[in-house]
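Two complexes are shown next, each including subunit A; its partner changes from subunit B in the first to subunit C in the second.
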Partner chain A sequence: METFEFPKIHSFPPLYTKQPNATVLQQQLDSWCSIILSYCEYYKVSTISTTGTIVYSQFEELKIDTLPPIFENKQINRAVDDEFKSDIIKHLIHKLNKAEYINTKIPDQGILVYWKSLADWATILYDFVENSGQLGTVLTIYELTKSEDSGLPESLKNLDYNLLVKVLKNILIKQGKAQILMQEGTDQIGGVKIV
Partner chain B sequence: MGQGPSTPKITAQDRAIFQMKQQRDKLKQYQKRINTTIQRQNDLAKEAIKKGETDRAKFYLRSKKHQQSVITKTYDQLDNLENLIGTIEFKLIEKDVIYGLTEGNKVLNKLNTEMSVDKIDKILDDLEDHKLRVDEVSDLLGAGNLSNNEEFEVDEELEKLNQEINGKESINLPDAPNDKIQTLPDVPSKIEPEKSEVDESQEPEGANPIAA
Partner chain C sequence: MGIKIWHKVNVNRSNRPILRDNEEILYVRDNVGLYQGKVKITNRQFGRLYLTNVRIIYIDNIVENSLFLEISGITRTETIDGFLKRSPKVKIYFVEDLQQDSSLDWVCKICSYNNHLPKVDMNSLPPCVSCGIPPTRKYIETLMETSEVSEGRDDQCSKCTFINHPSLKYCEMCGSELKSKLSKALTDKIQENPLKIELEDEEAYSGDDKYIKISFRMGGETKFNNLLVEILETNKWDKLIQSGNVNKDSIKVEDKVDTVKGSGIYRLELLSEQTRKNNEITLSNSLEDVEQLMFKYQDLIKLSNSFNKLIKPIKTYPKIKFNIDKNSKVYYEELSKFLSEYLTSYKLIKSSSMITLQDLFADFNKFLILNQGIGIELISSNDFMKSIEYFDKLGLPIIYQTYESTGLRILKPKFNENVSQLILKFLKTCEIEFFYQKYKLIYQIDKDNYLKDNFKFFKGNTISEISEEFNWSNNITIEELDKLVNEGLVVIDNSIMGTFYFLNKFIDYEEIDTTGFEERLQQEQVERLQLEAQQLKIATDKFGSKALFDLKGINF
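For the complex of A and B:
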């Protein structure tokens, strides 16, 4: 897979220093967020850490540690410090609503990045279940994300468990279209019935 | 959980199917794992041969063989599970069909009891009675049915109106010819028998040359 091409602004040194002027700072935060979103979409990354490292990508073959870092540009010898990183991520979560903590109480579990909205994911999932005639039957999470022979569309293959949980809990269950089954003896969701 | 007004219910059957599907997923994962071990043992055996360690290579190959037989077993089990899941799901659908049939039957039954022959007979009788009553009353009040004569007058009026409205069309129709056709000759009564005699006499004459 070809390496992600960062936009030109990623080689602009002032981008790496928190700007004192409020208006400029807003623009700077927006720029960073748009970089994060297109980067994550390119590598199908659904979870990043609070410091901006990649936690989960839908591409199984992808070697995460070989990817270029988001908050660093070695060519111009610049990197974002942790404090500013946290500002950027807060902006992404609270201002743009394009990301969410997996668990707000445990931020270290990571942040889900919504380069595709939960509602869009829900539609893809629902369409798949409907078109494969599986509405009303119980489906396992494995079947919905990992199984080779369940005819999953490319976009759902290897879907992040945490993302799937959000899609189910925040969208489909609220719409009354889904009910979940827990895996025995764990707090993990094992299956779902979509109607 | 339960706060939504219309969350789909998870039935006992759903749970059973869910458990079987989970079992199936585990088998699939197990197969994946075994496949990778087989691959690794294959590689290890190759390396051992390169190093000239035949016994070690044999050990890896034997182990690989064993794993392969395990895999075929898991496929059988997987097949069983899938079959069972399929059967249960199909039975559930059959149950729905039977439910539909019984419901339909109930409705039909109810409709049939509502339409018993005796009941209908009684209703028709009642209707007839009522009709007679009505006639009787109208007769008494002198506003009964029209007499035959009056009916005839109505028909006449209808004919008149009909001619007024559709009159032109009826005038356009040509009269049927009523003059006698006189050109046809009378049927001859005496000549015909003579002719037939001639025909008969001619036949033997025609037949003679064939005999000679």
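For the complex of A and C:
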């Protein structure tokens, strides 16, 4: 797989310094967020840590360690410091609503990056279930994300469990299109019924 | 034998010489060596020299080798300066024949008092101690002759006829000196070299007079010589007094004898007269000197004027003088006008120029000194501030401005360009220039990748670079950049390397357009080629015509 080509602004030294001017800072944060989103989309990364390291990618064969770091540019010898990193992540979560903590109480678990909105994910999921004629049947998580020969679309393959939960809980259940069956004795989802 | 001048010296336990009565040490010098005439005394080279009022004592590092020399035997001295490795020396001439056994007793013919002469000097015979009548020369001569002949045995005292033991030097009865009748050759043999003086070579002197030399390896020879000469002088004087050749009230002539004699009012008058005279001498001398100095000064001025042509011309500033009462308003108005004039002609030449108040104050006072020389009255900060405030009132083309954030106060021309725009333009040009240079890299040899590393990415501009471009002080640049940053037009890169300023490109980042570069590069190359061609043409023209000229002289 080809390495992600960062946008040109990633080589702009002032990008790595928190700008004093408020307006410029907003622009700067926007720039960073768009870099993160395109980066995550390219590598199909759904979860990153609060310090910007990649936690989960849909590409199974991808070696996460070898990916270029987001907040660093070795070419120009610049890196974002931790304080500014958390500013950028907060901006992504609260201002742009393009990310969410997996668990708001434990932010260190990482954040889900929504380079594709939850609604979009929900549509894809619903379309898949509908097209495969499985509406009303109980499907396991495995069937929804790992199944090899059930016509599972590429975009859903290896979908992050945490992301799937968010899609189901935040969109489909609220729309009344899905029901969740919990595994007994755990907080893990055992099966999903989409209607 | 000149070495007979040396005597053995008695030394006390702490290796200092035992002094005689009334003898005192006047001068001590370490690290000296002795010479007999021209020849070095090899075993007397490392010692300490004591000058007393009677003797010159040399204490060798090996104490047994210590010697002394009677000052009474010295006739004159001179110093020899050191040269390269040769140490400075003092040359001491002495009388060779110290007539040790020349003492003589004579009976005064007037009062029949028995006088004793320690040394017979025919030129100055001392008078009789009792009656003060000197003996005739003839009488002494006859006495000397008889004393040599009349001796019977050499162990019998010539005075009291008591026969002493032959080894005694003085009579046991009357204490007078006994005259030893040992043959001269024998005594010489005994006394040939009792001090074991070792000479480097055969004893030799330049000239007839016998002398020794004392080598001062650590200097100090002049002082030694002066002291010695002084001692010799006093000795001579004392001898004169002793021999009665000096009148009772006579005074030795000193160099500076300026005492006033007399008493009472006459003396006072004389005293004041003398002071007046002294004053007069001093004054006239010094006035003469001043006059001399003035002449010299004129010469110097002439000389320096003659050099003027060679010196590069110094910038001449207009002469200004404030002959106005400082308390009046006019003074400040004039000063303000003058400041404005100074600023517009020297400091705020470009429309982008700015200067801080501190810099102006310092520069202006420097300018005053340059202009009117040291000693000029400088402008005080109070006057300076007051006159700055008049700029506005007088409608002068200078604006006095304070930056709100830091209170930095600056002056700039009234028709100042938009500084922000200038900075932005400069930043832009720098960036374009950078990428153009980078573009040109492909044509440059860069074996160690120095240029490549340097042109990796555009590093932005520092405060000092911007200050230099516009000739501002750094404070001004900081203020102006802060303003731009606050406006969001310029962004900052803070790294370990320092702070760098960039144009804001966060909204839509675009790289420098390189499409024009190829054309520009070609243009430059074309220009260079044209220039080369032009030079070549000039050269060929010159050379060609010269060749043609040369050809004319050749006959085929």
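Just so it is clear, the second predicted complex is superposed on the first by the 195 of 195 C-alpha atoms of A that agree within 3 Å, B and C clash if a C-alpha of one lies under 4 Å from a C-alpha of the other, contacts with A are read in each partner's own complex, and residues count from 1 in each chain.
FYI, a residue touches a chain if its C-beta (ideal position, glycine included) is under 8 Å from a C-beta of that chain, and two chains touch if they have at least 3 such contacts.
Bear in mind that the values here come from a model prediction, so they are computed numbers and not experimental data.
In the superposed model, A:Lys174 lies in contact with subunit B only, and not with subunit C.
Contacts of A:Val138 after superposition: subunit B is touched, whereas subunit C is not reached. Subunit A meets subunit B in the complex at residues 136-140, 142-143, 147, 173-174, 176-179, 181, 183, 190-191, 193-195. Against subunit C, the residues of subunit A that register as touching in their complex are 7-9, 11-17, 19-21, 23-24, 27-28, 30-31, 75-78. Listed in rising order, the residues of subunit B touching subunit A in the complex are 4-10, 14-15, 17-18, 21-22, 25, 28-29, 89. Interface residues of subunit C, counted against subunit A in their complex, comprise 456-460, 485-488, 491-495, 500, 502, 504-507, 509-511.
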